[in-house]
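All chains are identified by letter, namely A, B, C and D, in their written order; residue positions are counted from 1 within each chain.
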Amino acid sequence: MTTPLGIAVIGTGRMGTDHVRRIQEVISGARVTAVADVDEARAKAVAARVDGCAAHTDPVAAMASAGVDAVLVASPGPAHEEAITAALARDLPVLCEKPLTPDAASALRLVEAEQAHGRRRVQVGFMRRYDPEYTSLKALLETGQLGRPLMLHQRHRNVASASFFTSEMLISDSVAHEVDATRWLTGDEITAVTVLRPTPSANAPEGLADPQFVVMETASGALADVEIFVNCGFGYQVQAETVCERGTARIGDGHALVTAMAGRWGGSIAQDWTERFATAYDREVQAWVDATRRGEVTGPSMWDGYAAAAVCDAGVRSLHEGGRVEVELAERPDFYR
Amino acid sequence: MTTPLGIAVIGTGRMGTDHVRRIQEVISGARVTAVADVDEARAKAVAARVDGCAAHTDPVAAMASAGVDAVLVASPGPAHEEAITAALARDLPVLCEKPLTPDAASALRLVEAEQAHGRRRVQVGFMRRYDPEYTSLKALLETGQLGRPLMLHQRHRNVASASFFTSEMLISDSVAHEVDATRWLTGDEITAVTVLRPTPSANAPEGLADPQFVVMETASGALADVEIFVNCGFGYQVQAETVCERGTARIGDGHALVTAMAGRWGGSIAQDWTERFATAYDREVQAWVDATRRGEVTGPSMWDGYAAAAVCDAGVRSLHEGGRVEVELAERPDFYR
Amino acid sequence: MTTPLGIAVIGTGRMGTDHVRRIQEVISGARVTAVADVDEARAKAVAARVDGCAAHTDPVAAMASAGVDAVLVASPGPAHEEAITAALARDLPVLCEKPLTPDAASALRLVEAEQAHGRRRVQVGFMRRYDPEYTSLKALLETGQLGRPLMLHQRHRNVASASFFTSEMLISDSVAHEVDATRWLTGDEITAVTVLRPTPSANAPEGLADPQFVVMETASGALADVEIFVNCGFGYQVQAETVCERGTARIGDGHALVTAMAGRWGGSIAQDWTERFATAYDREVQAWVDATRRGEVTGPSMWDGYAAAAVCDAGVRSLHEGGRVEVELAERPDFYR
Amino acid sequence: MTTPLGIAVIGTGRMGTDHVRRIQEVISGARVTAVADVDEARAKAVAARVDGCAAHTDPVAAMASAGVDAVLVASPGPAHEEAITAALARDLPVLCEKPLTPDAASALRLVEAEQAHGRRRVQVGFMRRYDPEYTSLKALLETGQLGRPLMLHQRHRNVASASFFTSEMLISDSVAHEVDATRWLTGDEITAVTVLRPTPSANAPEGLADPQFVVMETASGALADVEIFVNCGFGYQVQAETVCERGTARIGDGHALVTAMAGRWGGSIAQDWTERFATAYDREVQAWVDATRRGEVTGPSMWDGYAAAAVCDAGVRSLHEGGRVEVELAERPDFYR
């Protein structure tokens, strides 16, 4: 294909608008040909900045407009099932922002719909798989030098949470990333989850269980723990350490610029994910565009989206009920192997 | 006191012999005036290297010999109760290597004996409290700059375990250090323990549950996790990260000498605790000698030894039975406040 | 401009071919419409992989072919003057790989030609100005927090030099980057250079003065030293530390993935510049394309290319004659302020 | 020898008083039996804190008093020649704080006096040779793994200089340490020195040439550069990087406690040498006491003191006159090989 891939972007909030900018100004081989948002003014404002881009309020209409070869879904999670179903009906390739859907049941319906469709069309936006540090960690694990992963220690810290953030969202919105990273790095399904609640930080909003400490067990007996702390106050940090039979490997220290000043040496900490993961998003969308133009689907599948949702469902139950909760996961179809 | 403190060293195995060397050649203000070991030849060999040092097979006889002002107990754990009881009977100050005793019940008997004696005489050898990195971490926490500790992530790795090492000893012998460090750093008693068993490393001896992952809860609701991995193969590492309300602090990275060679930058990892904690042992014994010469007892108390034993007992039960086990701790007497 | 910028790439060796790939597959808003190389087969092979790209042996013919809006010069240094002159004659924007030309005299002729042309058209490929670490260092200096730069310590190490590499090329080819970085970071012209020759490494080819140590003085009295070591054997390292009145700042440590294994902690070192500076090249070309489409020239100017050549000329004289050599620099025209 | 070594401490200023504390309270096998200071009250105050310690105003009288086995010279540099001469006359072992004497001529007289005495008695206080980081660097170089040292980059920064500090003292007082470290690490004499003067920092006292940049050449052709910056404002830093044929090694980063707080990660920087080099001083004096009790002299010799003085003399000339100054060094006698 020599002409650029025409993309309909569904949802023009913060994430969707950033993807429009990325497709138009950063990556190669694609352009935005339609956008859709329930907020018509917002959709029009975004479309106005892109040459030849149509604005819609209906996602299906956007997908049906001229020059659309593929769909990027960046609307809120509850709208994903309908958008993906419509895209499958038109046989359009999809990059769907995480979460695939808000719960395991709806995610499983989509998994079944794609199988019924008979051909993989959907990639889920677990963009950490495209972060240079995560990919170097994965590549190192795959060499086998360190032996089998036994434990995975992860840290996920945000400066402050948005006002609408609930205790459950620490699991389903934030730890969801570590759920996928754990599955990807270990190559293993997660079988049980325990969510522990230390006394909340005085800096967390009243009623929010923040931080939380999540322990996950995998099918092969590896253990993955996650500190999630969304009101840590000092910065955005994502760190992961794998402990293997012959060594450990750690990412996320962020030592690029080191200063010495006023009695202290050190560096600055990113203040949000746009700074820490900008490159990961660029690479994710470029990889999706490239694969789509070759007629392939290469990234995280709907099965990955479903499995993450199933683990998060168990995590939320553990948060509510306490103790260890086993993950209920459907049998993995050959279609997704 | 202007003359050196005369010390009887009980037990002349690896640790006792190293303490004899330390007292004679490294620290100031003390000398070894007697040693005792069940192995008479070993006791005599050590004594022969020290001017004016008597060799005994009976600890009580060693304590009773001329020029003994204080006792350093470095015999195996099961012998500690008898040695400390004898020292208390003679009103001698004691530095007792950890563990205080092998179980909480016997430790509690000693706690009661010291109270009956009416005066604190015994310091327990939790030497991490004297390590420069741990003391700087403790000092930072005490400034209050970081706010209250919410979580404490700890790593404790050994190259390989001795042949006699059991799954229980990962808790009672190794994690015992993190139990004390957690109590000391948070200023809080530990109320419950959960020991998790990932699939053992292929490099661990058959039947040894190695690594283990230990989660401890404190009275104020802080959470402390410990990775204990005694056959990690690559080095001896002790790391601790405290996560507080306004920041984190981490020790144990060990960056003293950094090389770049053959495509790699980095440094060497200590191969055992004598390298990592040599300074801590020197400072511990010097501090004990100095306090003793001033007529004071300043270090970790028998209460600390007892509390660690009670937590380890709960940890071993969790290892055996699975799940969370609450710690049974006697009421803390004013004597130890 | 809504259509992509059409670019003629002059020179299809390693660098030119990589730029073709970058324009086609990585960056946004441009495409390669013509290539030229003295090796006709090579030019044709590259052109064949790009839709609608013409192959030429004559650079001027390539610039004159259909759809060419701008020129990227990646031919050997001695060919740059003719290529840039031809591009100026056609009023085409140019991105010229460093060095601008092989010596100060020819560079100065180009500086004069662009002034005679009356409008800035040429950007020189000092890509370190686009490296994220360098840009963060520059941004920090510009905040003024650290005060005025007093000294700049730089390290530039390659695994091994190519067989054709001469002692002079350590200055004119390698240190040329630090010459520009020094000028850019300090905002100051370099007034004198001293090149010191330690005893060569046994691993350097016979007769090559490697390593060298270069000391540069700037107009405001700052000092910049550079270790250049092109047969260091262990990796590609580019490091810079600025020492200012109130603190220091350092880049180039490269701590992304840290492992602990076999008694060592640390990370890998890049093996060549394509790994270390891939992002810098991507950003450089994207920035040039974006500015060109807006009708602007924003990057390093021909004055920067000329000044670097003048400093390198002085450096080569110092290498040959020993001692300190003053830099002969023409008066800076207002055109380049 | 089973009784402690009796030491006369000459000079009870800051350094002498600290050595008295060290001998009495930190190290093993020695005690202070006499002190001398021109300030009688100061000598008496120090002596009063030590059991059985005599106070003198005359160094020779202190050396002659009862129980003196060895002499530690901590008086100002100009007083060293007379004190050492007196100690040699009594055949007493000496540890003399650096500098040996204020200039090369007087140092050479002492070198000749010790040879005439016929037996090595004097160790010079270059305490960096006892710092754990420096000793690990030296040990690594001696393994030969990295090949021959080609370059040595050193940084020496102080928060602020004392009011009496002159531009010359940056060389003779501060860089003197790097002069010895360079000789020790490379095993090579220094043959020429060039001192460069960047524009002084606005934070340096009026008239003080601070920072300075010193380049030293060794007999085998290695190059050693030193940044000396005594009003850097932010902390006390001593760093050294050796660049060898097959790799580099660096000390002085100081990563013991790493925090993340308020948008920054990093650690604190020592504020003066007592913090950075406390262990080095302890080890130096312990090693001197141990060797002396064995009847040996093992540390830096008077030749090392003389050679450092000769290099500093050349450095001060380079500071005054500009340009490269060759070091005038007497032939090294076999006595000091």
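Observations, loosely collected:
The rule we apply is simple: a residue touches a chain if its C-beta (ideal position, glycine included) is under 8 Å from a C-beta of that chain, and two chains touch if they have at least 3 such contacts.
For each chain, UniProt lists the protein as follows: A, B, C, D = Inositol 2-dehydrogenase.
Since the structure is predicted, the reported quantities are computational estimates derived from the model, not experimental observations.
Any chain touching chain A that also touches chain B appears here: C, D. Averaging C-alpha coordinates per chain and comparing to chain D, the farthest chain turns out to be A.
The interface with the greater count of contacting C-beta pairs, when B-C is set against A-C, is A-C.
Chain A and chain C, compared by their mean Cα positions, are separated by 37 Å.
The centroid of the Cα atoms in chain B and the matching centroid in chain C are 57 Å apart. Contacts with at least two other chains are made by residues 233-234, 246-248, 253-254, 258-262 of chain D. Those residues of chain C that touch chain D in the complex are listed here as 147-148, 150-151, 153, 196, 198-199, 201-203, 211, 213, 215, 217, 220-223, 225, 227, 229, 232-234, 243, 245-248, 323-324. The residues of chain D lying in touch with chain A in their complex are 233-235, 237, 253-254, 258-269, 271.
In the complex of the two chains, the chain B residues touching chain D come out as 2, 24-29, 51-52, 132-133, 136-137, 140, 145-146, 246-251, 253-262, 279, 286, 290.
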